[in-house]
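Presented below are the structures under discussion, each in the form of structure tokens.
Next come two complexes built around chain A: one with chain B, the other with chain C.
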Partner chain A sequence: MAEFTTFEHDVLVIGAGGAGLRAAIEASACGCRVGLVCKSLLGKAHTVMAEGGMAAALANVDERDGWRVHFADTMRGGQYLNNWRMAELHAKEAPDRVRELESWGAVFDRTKEGRILQRNFGGHQYPRLAHVGDRTGLEMIRTLQDHGIHQGIDVHMEVTVVTLLKDGQRIAGALGYDRERGRFRLYRAGAVILATGGIGKAFKVTSNSWEYTGDGHALAYDAGADLKDMEFVQFHPTGMVWPLSVRGILVTEGVRGEGGVLRNSEGRRFMFDDIPDLYKNQTADNEEEGWRYVIGDKNARRPPELLTRDHVARCIVREIKAGRGSPHGGVYLDIGWIKEKISNAEEHIKKKLPSMHHQFKQLAGVDITREPMEVGPTTHYVMGGIDVDGDTQMSTVPGLFAAGECAAGLHGANRLGGNSLSDLVVFGKRAGEYAAKFAKEHGQPTVDQGQADDAMRDSLAPFDRAAESGAENPYEIQHTLQDLMQNNVGIVRNEEEMAAALDGIAKLRGRAKHASAHGHREYNPGWHTCVDLNNLLTVAEGVARSALERTESRGAHFREDHPEKVSDWGQWNLILRKGTDGAMQIERRRIAERPAELTTIIEEMK
Partner chain B sequence: MTSPTPVSQDSAKHELGAERSVYFRIKRCDGPGKATRWERFKVKVTRGEGANVLACLERIAANPVTADGAKTTPVVWDAGCLEEVCGACTMNVNGKVRQACSCLIDTCAPNDGDEVVLEPMQKFPIVRDLWVDRSRMFETLKRVKAWTPIDGLYATGPGPKETPERQQERYIYSTCMTCGCCLEACPQFQQEPDASKWDTSFVGANAIGQVQLFNEHPTAKELAPERLDAMTAAGGVSECGNAQNCVKVCPKEIPLTDAIAAVGRAATIHGIKRFFQGK
Partner chain C sequence: MATATFKIWRGDASGGEYRDYTAEFDQGMVVLDVLHHIQAEQAGDLAIRWNCKAGKCGSCSAEINGKPRLMCMTRMSTLPVDEPITIQPMQTFPIIRDLVTDVSSNFKMKRSIKKFKPRPPDTEDGAWLMDQQDVERVQEFRKCIECFLCQDVCHVLREHHMHDEFIGPRHLVYAAALEMHPLDTEDRVADLKKLHGAGYCNITKCCTKVCPEHITITDNAIIPLKERIADEFYDPVTKLFRIFQPKKK
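Moving on to the complex of A and B:
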């Protein structure tokens, strides 16, 4: 059998973005020996790309804000499918986590009075997002990284985990390999925390980095944990569509907040064409009023470009499908037009949207102060994930915890902007604390050598297949899968297309059994892709299966064959589990009853 | 209601132009301690498609054949965000250190047949090809104590007050993404294979910038004396040779020379104090 090196930790954290770093810091502070595994270099995780800010009811800008309002906003945004306990804890603890980051060295923007400044964002009733310009994620990572490296955490960089190991029912560690040389590593650990982020790479167009291949989702699923709410994938309405090499990269909602408007190829502001009844009272019906809102007139209603992300994304798709799109399959987002309204427009745009100005100039050669951007929807975030206990973040597998995007519950059917960065630190801390407690109470597990041998054999199989006649190219399978998910399980869904997607995924699974890698294990991207394929196929199937099952439209999940929200569906979460025969099983699970006081808050805030 | 405004676009820039060839001369190395060699690749790009250096490296990886038609292995590089935020893809492009993701081919090699030279950063140990090991930067951050030593028992209260102007001054230092550009360009910072000597070798500009950031932080300034101890010790701020290359190559335009001047001044005063304290 292949050789491996063994590492001993009390708590092993997989993923070094915001949630993983925060969890590792907490577990270490609890006196545990902590190992932190990441697929890339420390400090380069996907969290760095978050722009807008982190939501916390600090009430620095509007004193009417408080945890109750934040809780109610989060539940409304999630269409009440949320894990209410997580929404409650998140709203209560986010302010402490923000102040903690500040005390650790994060440089938040300030109010005139010297407090942390908070900005408006979709779905939040009051200005609530603590931010650092339009690069809040980078600030969070830098702060956590600086704090974390001083705590004696063992960081294992450039390592891919291929399987979780179990000791009976409980978790026992993980097996991975270093991406540089392909040498196996066995991590024995009393508790494991998954903080691996999302699944964006299952789609063709995504704002997510290459690391987002659903690793944590698939590792937990294969280890017997439940996945929840996988049908809810958030498509951000504005990603770059051109040039091709940057397709999918995010264009922040802040552009529209500063007065950016969406136009089709005829120059028409098509967002005025379709304003949902639910929002008619709060949405401007003419350009003039929309502009007054942008410049701070409290009596004006918001422009339709600032409707919810799912609705804006669908309107853009409609324009493109109707042949009114831009040359490269998007629509136009124009911020430069505000020069008709204000004299110093160019400086204003550069000051308010520095990263966007820089990003388009550097990556696309477009000056956004003069020219419109071409934008289209991009896969942005998965609300679904590993089903966890609201207080401890432990999954249905004892000793296996999850935090951040790979965990489900906080966001329900749709996530509000700004709630993900606070999610990372609130539940990263909790996962670290309870994982440390679990590891101390249960001691070190025993590792079954057979499980490690099987995992190593499976991982190396692609090399043996290189000489086979039916050998498959892993990149080709990956690209086919991405196209399939993009076209059939995207923003607008129907039964026929999703059924076809499930057939297609099953066929791709068959082909993936023949995926092959050439050469040797030392940095071999083809081999890495073979390993990622299993994860991508698992999450793709999970999304398609759940989306097919939910015969209604709610939040980010839109079915053209069931376009209405069905109130009964509001009682149910969809759970995925690996059956004994290896096939994916799906079941409805009724949402636990809310305590009366939380229901009262929701009713009061309606 | 809506008055259609014609959509203005610089159409020449957004239409695909002619296909052309760009050559990549890449310094390759199979691993630590192994010999380096140059390989040349021909990559087809289309004017106006907006291809960057990384997109071309992907094309080479998909078809790893040199310009002479010899089969070779895919070139290895590191990348993360692809939007110049994370710094993972830092390398030397045509002799200048920068992020490869934001380097557009139409800008750096505008004509048919132009050549782009790619080399790994030289101040860090090589992993493979264009991929280097930058973990020493984290060791340096530990050495200069770029953190706040507080634990869960610390009560933040409502947090400190700070004016927006003051925040803006500190903010710029916090934009550092530990990409390594300033170290690559620095004549005083050298690759040091012996890790036991890292603690006495020149810290480099990014670490001095972080010292400035944390020394000005309302809570973290408690550790300022210890940071200045590191700055007055061997490899500290006085070893800066004032070449000012760091500030020229920093992709985030951090005023690193301002930090060096400020920390240098503080270190001198600190040294005199320590002298009279007999430490």
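Moving on to the complex of A and C:
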């Protein structure tokens, strides 16, 4: 059998984005020996790309804000499918987590009084996002990284975990390989935290990087954990559409928060044409009021461009389909227009949105202070993920925890912008704390060598197939899957297309068994792609199955064959589990009853 | 669609060579896009490090026609395509494979710099008050995406291989961000002189020229640090004065 090196940890954290780093710091502070594994170099995880900000009801800009409003906003945005306990904890604890970042060296933009400045974002009643220009994620990950490297955490960079190991029912560790040399590593650990991020690479147009192949989702699923809400994939309304090669790269919602408006080819601000009932009370009905909101008039309601992402994305699709799109198949997003309103507009835009300015200039040759951007929806975030307990973040497998984007619950059917960065630190901390507790209480598990051997054999199989006659190119399978998901399980869904997608996925699974890698194991991306394929196929199937099952439209999930929201569906989450025969099983689970106190808050804020 | 020839360095620590690949490209494409096509169609095992493809993570550093750059932010339309385009890994770091280098020395250097130590909070709810003006100075440094292109180009590291004696421009920027942080109370000046070799920098400004984040590394970070060192070590009057003054306001 292949050789491997063994590492011993009390808590193993898989993933070094905001959630993983925060979890590792906490577990280490609890006195555990912590291992932190990531596929890229430290500080390069997806979190680094986050732009707009992190939501926390600090009430620095509008004193009317508080955890109750943040809670109600999150639940409304998630169309009440959220794990209400998580939404409550998140709203209560986010401010402390922001201040904690500051105490570790983060430097947020300031208000006139010298406090942390907060900006407007879609679905948030008050300016709530602590930010640093449009590079908030960089600030967060660097702060956690620079703090974390002094905490005695064992960091394993550029290591891909391929399987979780179990000792009976409980978790026992993980097996991975280092990308540089292709050598296997076995991690024995009393508790494991998954913080692996999202699944965007299952789609063709996405703001996500190669890392987002749904590894954590698939690892947990294969280890017997439940996945939840997988039908809810967020398509961010504004990705770049031109040039083709940058299609999908994100244009932060911060542009709209700073006053950017959406127009169709006729110059019309089409977002005024369709304002959902749930938001009528909170939304401006004319341009003048919308602008007053942007500049901080507390009596004004927010402009319709700041409605939730699911809705804005669908309005954009509607305009494009009706032939009112821009030349390259998007719509126009204009921030330059604010020069009609303020004198130093150009400077203001460059200061508030420096990386957007740079990105468009560099990649598209567009000066956003003068010209409108062309934008269209892009696959951005997965609300669904590993089902966890709201307080401890433990999954249905004892000793296996999850936090951040790979965990489900906080966001329900649709995530509000800015609620992810705060999610990472609130629940990263909790996962770290409770994983440490679990590891201490349960001691080190025993590792079954046979599980490790199987995983190593499967991982190396692509090399043996290179010489076979039916050998397949893994990149080609990946591209086919991305097209399939984009076309059949995208923003607008129907039964026929999703059934076709499931068929297609089954066929691709067959082909993936022949995916082959050439050359040797050292830093070989062809091989890495073969390994990741299985994860992508699992999450793609999960999304398609859940989406087919939910015969209504809610949040990010829109069915043209069931365009209405069905109130009974509001009681149910969809759960996926690997059956004993290896097939994917789906089940409805009723949402736990909400305490009266939380219901009152929701009602009061309606 | 136009066509270009790429001379890509292929090999590992034991040696390698340039190999030619011909690929088609659209005007909007960046170098990284074309390399991905080559990877998918002609060279499945071509090693490239990348993540965001948007100039935000600092993973895809390499040397394009001899210039240290981010491959994801270099548009094909800015390169002459009548001649082959040369792509090689960063030369200052040990090779792992093809375009991927071992940049781990940077992570070690960083750990040798004393971490942030804030003054006690200013308000009862555990917050601090700072002026936007005061934070802007360090915000410039905190834009750093750790692409290590500045380390790659600095002759102290590139030609003189002083990785053990000199922390390089990236980490001087990091140290400056801490030293000039309005809340920080730690003193790193002695370390910068003795342990981190700030004196080896002779202000050639090559680092500033390659920084994709346009951080004015030399003028805004390194020179002020050098001044602090000079004050503390060579100017007894200033030094005495400092002893009786709190280091920062």
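Just so it is clear, the second predicted complex is superposed on the first by the 550 of 606 C-alpha atoms of A that agree within 3 Å, B and C clash if a C-alpha of one lies under 4 Å from a C-alpha of the other, contacts with A are read in each partner's own complex, and residues count from 1 in each chain.
One rule holds for everything that comes next: contacts are C-beta pairs under 8 Å (C-beta built on N, C-alpha and C of every residue); 3 or more make two chains touch, one makes a residue touch a chain.
Bear in mind that the values here come from a model prediction, so they are computed numbers and not experimental data.
With chain A as the common reference, the superposed partners chain B and chain C clash. By the document's definition of touching, of the two partners only chain B reaches A:285; chain C does not. In the superposition on chain A, no contact is made by A:391 with either chain B or chain C. When both complexes are overlaid on chain A, the residue A:41 reaches chain B and chain C alike.
Once the two complexes are overlaid on the shared chain, A:113 sits against chain B and chain C alike.
Applying the stated contact rule after C-alpha superposition, one finds that A:265 touches chain B and leaves chain C untouched.
Contacts of A:337 after superposition: chain B is touched, whereas chain C is not reached.
After superposition on the shared chain, chain A has more residues touched by B, the comparison being chain B against chain C. By the touch criterion defined above, A:560 lies against neither chain B nor chain C after alignment on the C-alpha atoms of chain A.
Contact with both chain B and chain C is seen for A:138 once the two complexes are overlaid on the shared chain. With both structures placed on the common chain, the touch criterion links A:473 to chain C but leaves chain B unconnected. Residues common to the contacts of chain A with chain B and with chain C across the two structures: 40-46, 48-49, 96, 99, 102-105, 107-110, 113-117, 132-133, 135, 138-139, 142, 146-147, 149-150, 157, 180, 209-211, 242-246, 249, 355, 358-359, 362-364, 475, 519, 522-523, 525. Within the complex formed with chain C, the residues of chain A that make contact are 40-46, 48-49, 96, 99, 102-105, 107-110, 113-117, 132-133, 135, 138-139, 142, 146-147, 149-150, 157, 180, 209-211, 242-246, 249-250, 355, 358-359, 362-364, 473-476, 479, 517-520, 522-527. Across the interface of their complex, chain B is touched by residues 26, 29, 40-46, 48-49, 96, 99-100, 102-117, 132-133, 135, 137-139, 142, 145-147, 149-150, 155, 157, 180, 209-211, 242-246, 249, 263, 265-269, 272, 285-287, 326-328, 332, 334, 337, 355, 358-359, 362-366, 371-372, 374, 475, 519, 522-523, 525 of chain A. Residues 1-10, 13-15, 30-31, 48-52, 54-55, 61-62, 73-74, 76, 78-88, 101-102, 104, 106-107, 127-128, 131, 134-135, 138, 141-142, 145-152, 154, 156-164, 166-167, 170-171, 174-178, 210, 213-214, 217, 219-220 of chain B touch chain A in their complex.
Residues of chain C touching chain A in their complex: 12, 26-30, 33, 39-40, 44-59, 73, 75, 96-98, 100, 102-104, 107, 110-111, 115-116, 118, 121, 125-132, 135, 138-139, 142-146, 178, 181, 184.
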